[in-house]
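To start, I am sharing the structure in question, which I have written as structure tokens.
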Amino acid sequence: MTDEKQNAILPPGQELNRRAFFTKIGLGSLGIAAAGTLGFTYEFLSPNVLYEPSPIINAGKPESFAVDSVTMDVNAGIYLVRAVEGFFALSAVCTHLGCLTAWNPELGIIKCPCHGSQFKRTGEKIEGPAPKPLPWLKTWVSDDGDLMVDRSTDIPALQFLRI
Amino acid sequence: MMRRSILCLAFSISAIAGCKHSSSIAPALKATAAGTALVESSGGKQIGGTGSALKDPLVVQVNDDQGAAVAGAMVEFRGAEGVHFEPAATLTDSSGQATTSVTLGTIAGHYQLSATTIGKTQQVNLQIVEIALGYQQQLGSLLEEKYCARCHDSESSAERVSNYDNLEVKPHPFAEGETLNKMSDADLVAMIQHGGPALSKSALMPPYGSTLTASEVRALIAYIRAVADPQYQPGGTVYAKN
Amino acid sequence: MPVQEYGIVERLRGSRVWRSVFRSGTGTSTLHRSLAVQQNIFLHLFATKVRKRMIRFNVTWFLGTLTLGTFFILVITGVLLMLYYHPSVPQAYADMKDLQFVVSSGLFLRNLHRWSAQAMVFLVFAHMFKVFYRGAYRTPREFNWVIGVVLLIITLLLSYTGYLLPWDQLAFWAITVGSNLSSTVPLIGNKIHFLLLGGNQVNANALLRFYVLHCVVLPLAAIIFIAVHFWRIRKDGGLYVQQSEPKMKAVDDAALATTEVK
Amino acid sequence: MSEPKDFIAGVDSDQRRSPTRVVFVTRRTSAQVKVTHEDEVQTFPEVLFRAALIIELLAVVLVVFSLLFNAPLEGIADASHTPNPAKAPWYFLGLQELLHYFPPVVAGVLVPTLLILALVVIPYFDVNIEATGLFLVHRQKRLRIFYVAAVSLLLFLMLFHVYVAVVPTVIVAIAIVIAANSTLESPHRFRRYLASKPLAYWIMTWFLFELIVLTAVGTFFRGPGWSWVLPWRS
Amino acid sequence: MQSLRKSISSVWRALFGDPVRAFGVVSLLLLAVLAIAPAKEHFSEWHSYQNRYLSLIRDRGDAVSLRRRFQPGIQQVWLPQLGVVDRCATCHEGLTEASLADVHAQPFRQHPSIPHKLDEFGCVICHRGQGAATTVAEAHQSERAGEEPILPARYIESGCGQCHQNALTGTPHLNQGRVMLARYGCVRCHTAKLPDGSTVVATDDPPSLMHVADKTTRAWIYSWLKDPQAYASTATMPNYKLSNSDASDISAFLVSSSTPRVGDTAAVEVKFTAPADPAVGATLYGESFCASCHAVQNAAGNIVGGNVGPELTRVGNKAKPEWMRAWLENPRSYNSTTLMPHYRFTPQQVTIMAGFLEAKLDSDYGTNVHLDAATPQQIAHGKKLTAELGCAACHEINGVKKPENFAPDLSRIGSKALAQIVFLPGMEHSLPRYISSKIQQPRAFGPGLKMPQFTLTTAQTSDLTNALLALTDRSHTMPDMLRVAAVRDTNYQPAGHAGKLMADLACFSCHRINGRGGDMAPDLTFEGSSVQRQWLDDFLKNPNTLRPSLIRRMPRLNLTDGDRKELTDYMLAVYQSPAIDQDSEPLTTNTPAVVEHGRQLFYSRYACQSCHIVDPKTDKGYIGPTLTAVGSRLTPAWIYAWLKNPQALRPGAIEPNQNVSDEDARAMTAFLMTQKGASKQVAKR
């Protein structure tokens, strides 16, 4: 308070009000700018394009899968199952903590190596900490007759793709 | 930044305007005569790929009142949307003909070209049509040449003799828009894939369903649509009556 | 309303938590203000008080401050740009294209980084000449001048190493030409060149080395030397103030002397 | 500001221009020092506020510049094709210009090393601590030395065809000659100003001029094959 | 100066005289300029194109479905294997919308239907340009080092050629260009490596000049060198734009370096004199079907005939009579690798034919050529020129070695960086323009350049440019699995005496067998399964026309009975298809009822008469072979198999596969086998 007067740069008197006003403007716009910059940074940090493989997998010709077989596509992280009723695709990612499960052909079950979850080949949980069954993925046959799987779209279980 | 936006602007303008060639007439070119009529000599109604040079040059003739050829008359060629002439303006030769080679634009479809000569009294215009084929249509044209033209094209060429005259039921030439435009794409597909009887037509038209793939059939139809005269208008299709 | 807000702010500032962080607060008393400087790790490099003449624009043209400002901007934009940059061939160049075409405000940040870098080099030179012509390098500020020269070199190196990172023709050949200079040093030139590039030619190794230099080594060095530079300003008696009339030395000296004797 | 008659400060000449905590007082007076307060301000907020302000202003300028002009980006690096001309960053173009005339070991190593050394030793090597004008004492002798130095420098530059470097040299030489023919009592303010400048000033000025001219030439006037081009004709 | 300082300082004072005011002002300013940056982002080019697209589709009938499929934001196709990032669809939003095919406002038109999926292949592999860019100027027209502008549409087929090394139906220009690359001798001077490591092999057949003096005169060589196309407009030899003295010197050298080959001309000399009637020669020329390979300019000025051999319009000006006789007698005595079959002409026929050909004269050709006798200096200079111009790259010449790496490598010409090209002043800075200009006017690029002037039309140049543009870095560096390999000729050689005969008769010039040979005549790989022995023997004796609609026909080669038997035996024994079992179906013994059923099917259900003739009185179709004598020609198993699936036996056959049932096929086979052909005379048009 005493410094105000001492400060020769600042003129005394009624200028004080105007000064407070300008201070508010300054701090206010800086505040807005800071907030804007945060939004700006958020925009910047969220990529507009991704360098990730397409969620849609071309699994090849349906004929190449034997009836009553489970085929794992390790790169895509999915199981392609040809049951008697038809095809379905299963995510191979454990619903517990995201480990990649493995098909055990001897026992006919899917086992997770991390925490011991076990699933039937229809995705149903048998035991273990996994909270949910393995999700079924959308499948269809392309114009060229190839079996297609969309890893990003879940479908209700037991919807078989008949060919 | 500034320069870039100007560049963008210039480009989009040129893209929209479609390179309207400011007919680059050599200063030396000067008409020594003028005719009153302009007739197409050859080179019209040609079919070529988009952006490609037409096989034959476009030749137009300048005549006078009596119908005699006029030499030394100036003829300018114009065309919309990226059509390129080499040369864009020329003088008629001793037989009264002006020749230019045409490069079509990059969009498939019919191209209206115009040749213009300054007549004795007024400007004389001549409209010429050329057809540019897109990729699919070019593929169709190749298939047509291989499988269809021997019957559907009544003209014989040195490489291919026409079978048209030998058929009891005459096939429709592909350019015959009056008939083919009335047929829907589905009808044409049925006809090509399953032969004439599919539409209660002559069995002389054999089925190609096992020989041509579906995309080849589509290509053929695209070609048929492209060369139809009168021009095919999609949308308003009327099912053909027998 | 404003009154209430003010109250909230005041209450917040008065809270125990706030005071545990900001010891002194920013009161308007000289004591408060002095404490604000003294008790802040960053600000304590400065003296709590400066001579009033010193803050006149004509004295320094604020060139040092401006240089520091460009450095701030460079650090901020640089860190953000690093998030989209892979120091590998040819991905580095593709990243430039991504920044330019698909990253939101990526082009803007790159522009800002690039132009700030150029501005920093320019300002460092300007600062140096200003200091020289003011005679501010003389005793007892000799060492701070030397630190300044070191900072000039660091700035040039920062700019130079950053030049390679876009991995475009400009970068590649500028660095090729520049690094070949080092191999002309008698006796050890080739070794320097080899170490600098991590090989005999500008390639992926060189890019990685320049990246590390540009993003880690040199900025750290710059921060340290900037800190010393600022600290020395205070320790060498604050900013040098030139006499307007050379003949009035006695007066000034007396004034200065008495100011400093405390 | 205050009257100087009250005391005489026996400050060492070395420290005249710098604040010092030691005051030498003559024996003729008592050891009483009259303290003259110079106006002082608090660093917080006065200095920091101004610093923040000036940095904000800088940010404004740089942001506007960044919005208007895009940073250059050429094609991807291609080791099989050297662009013509291959230019270093602008601040090295003065050096690159020198490289055009001198062997790499001179222009690329010797010159920068000497420059840095020179910059480092400036404060320690400032023999003329008084910072008095170069020609205010020993005028004739110094002028002779100057002529010899200037002519040999010019000859050296001509020998290597560094004509671009000759221009600033000549300009500074002319200024020095004017300084030599001026005194602190000269009628013109500018001449008084020149007359008061010490040797270090002249060397630095020459360096600054060379730096500006060489950098400008390298940046704007050099085209393919490092040949002369006019920037407005491209 | 003073006032300027004043005004500056007054402005300064106004803004900074009171720091608090300055703080307010500057902070506001900072906020404003910082706000511009994201705003600028929002008004970016691609945003405005997407907005324009939305307003374009708003008024269309299918707006709802278009709107549903519209994807906002940057659209990217990423092909990690090719290192391609492609964002064209960001602005070209309507690429896959069939209903936008008629939209002329770019960038919204539908992409024409192509065999590849756009979202798997992206755009830049074919169209070039910068896929990573999202502005028009950068994406379409960047010319920086290593970056290429968009290819003009007429060169788009070059994109296919990067992966597809084989000929595709949809790429006629590229295919033609590749044929030309091999045929016009380009690859004799230039090297063009293909991604699979092989090089483009020249398919032209430049004659050896080791014995050229036997064949022709120095005057003709001179005229030819001056302007090859003046002699024959279809000549593929380029014009070297030689000066008179250079042409004279080269011709002198070639003649002097020639060694005699046709030494035994006396033996060829026969007593017959050519008949006065030129029609005799013309008939022989016609019967021998010389026109299948050789062209002649007719009175109307049209070139008629094949392009396998040289044009014969002015052959009388060129060939010496004794050489002509020796050549007709046995071409292999002069050139052992010629594509010309060794006709077994009788001496009289040789005389008639030689007389007929020697009469093909252009009396105006070369009349003003007067060459003085050559001096040794001229010959030496001619030799030097021959070496310098690289004549030996194509022709065998005595004393001049075939040059190695004579001309620049073209293996990656399609990726040549614009920065490395020296363009002519005023020339459009684009790679296609550079290549096509180089082809059309090679000498315009510098006085010292050796590349000769080819006579190519604009369309041919464009095709050749297409083929060259396909030779890119990408085509060399892409993973093998993405490439479609070319079908290359095998080096199949038939064995034994029959093999020697087939070589002598140059069967492979026209026929393809086991993956080797020309495509002018039917593939004979399974000929043994197809035809009957007697017919084959008769056909070799007198090749009658099977397909009336074809111009090119099998020549009569005047084989001896022994040679015919040799060939017939060999073909029937060796060229068998494993898919056709002659004994499996008892197709030959059929009841008349079945035959009649076959006839019914043939005429009504399958309407084969539209293309084939069985009964010359009623049937007229002549697209397919005449079937009047098919029962004596083909084997029943072949007919049956053919009816079931023509393309399985001969890929690319134009007869449609009509999905004939086994029963129908058997009935029609029975019917066709009854067509034994009372007369061998073929219905002629």
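Going by the order they are written in, the chains are A, B, C, D and E; count residues from 1 in each one.
Here, a contact is a pair of C-beta atoms (placed from the backbone, for glycine too) under 8 Å apart; a residue touches a chain by one contact, two chains touch by 3 or more.
Predicted, not measured: the structure shown is a model, and the values here were computed from it.
Taking A-E and C-D together, the pair of chains sharing more C-beta contacts is C-D.
Ranked by how far their CA centres sit from the centre of chain E, the chains are topped by D.
The geometric centre of chain D is 71 Å away from that of chain E, both derived from CA atoms. The mean-CA centres of chain B and chain E are about 24 angstrom from one another, to the nearest whole unit. With centres taken as mean Cα positions, chain B sits 53 Å from chain A. The mean-CA centres of chain A and chain C are about 41 angstrom from one another, to the nearest whole unit.
Residues of chain A in contact with at least two other chains: 3, 8-9, 40, 43, 48-49.
Counting partner chains per residue, chain C shows two or more touched chains at residues 30, 33, 52, 90, 97-98, 100, 102, 104-105, 108, 169.
The multi-chain contact residues of chain B, meaning those touching 2 or more other chains, are 4. Residues 12, 16, 37-38, 40-41, 74, 76, 83, 85, 87, 130, 132-135, 138, 144-145 of chain E are the ones that touch chain C when the two sit in their complex. Across the complex, chain D meets chain C through its residues 1-2, 4, 7-9, 11, 14-23, 33-48, 50-51, 54-55, 58-59, 62-63, 65-67, 69-79, 81-83, 86-92, 95-96, 99, 103-105, 108-109, 116, 119-120, 122-124, 126, 129, 131, 196, 200-201, 204, 208, 211. Interface residues of chain C facing chain D in the complex, by the touch rule stated above, are 26, 30, 33-34, 36-37, 43, 46-53, 55, 62, 65-66, 68-70, 72-73, 89-90, 93, 96-97, 100, 107-108, 110-116, 118-119, 121-122, 125, 128-129, 132-133, 135, 137-142, 145-146, 149, 152-153, 156, 159-160, 163, 166-174, 176-178, 180-182, 184-186, 189, 201-203, 236-238, 240, 242-243, 246, 249-251, 253-261. Residues 9-11, 15, 18-19, 21-23, 25-30, 32-33, 36-37, 39-40, 43, 48-51 of chain A touch chain E in their complex.
Residue ranges of chain B in contact with chain E, taken from their complex: 4, 7-8, 11-12, 15-16, 49-53, 55, 81, 86, 101, 103, 106-108, 134-139, 142-143, 146-147, 150-151, 158-161, 163, 165-167, 195, 202-211, 215, 218-219, 222, 234.
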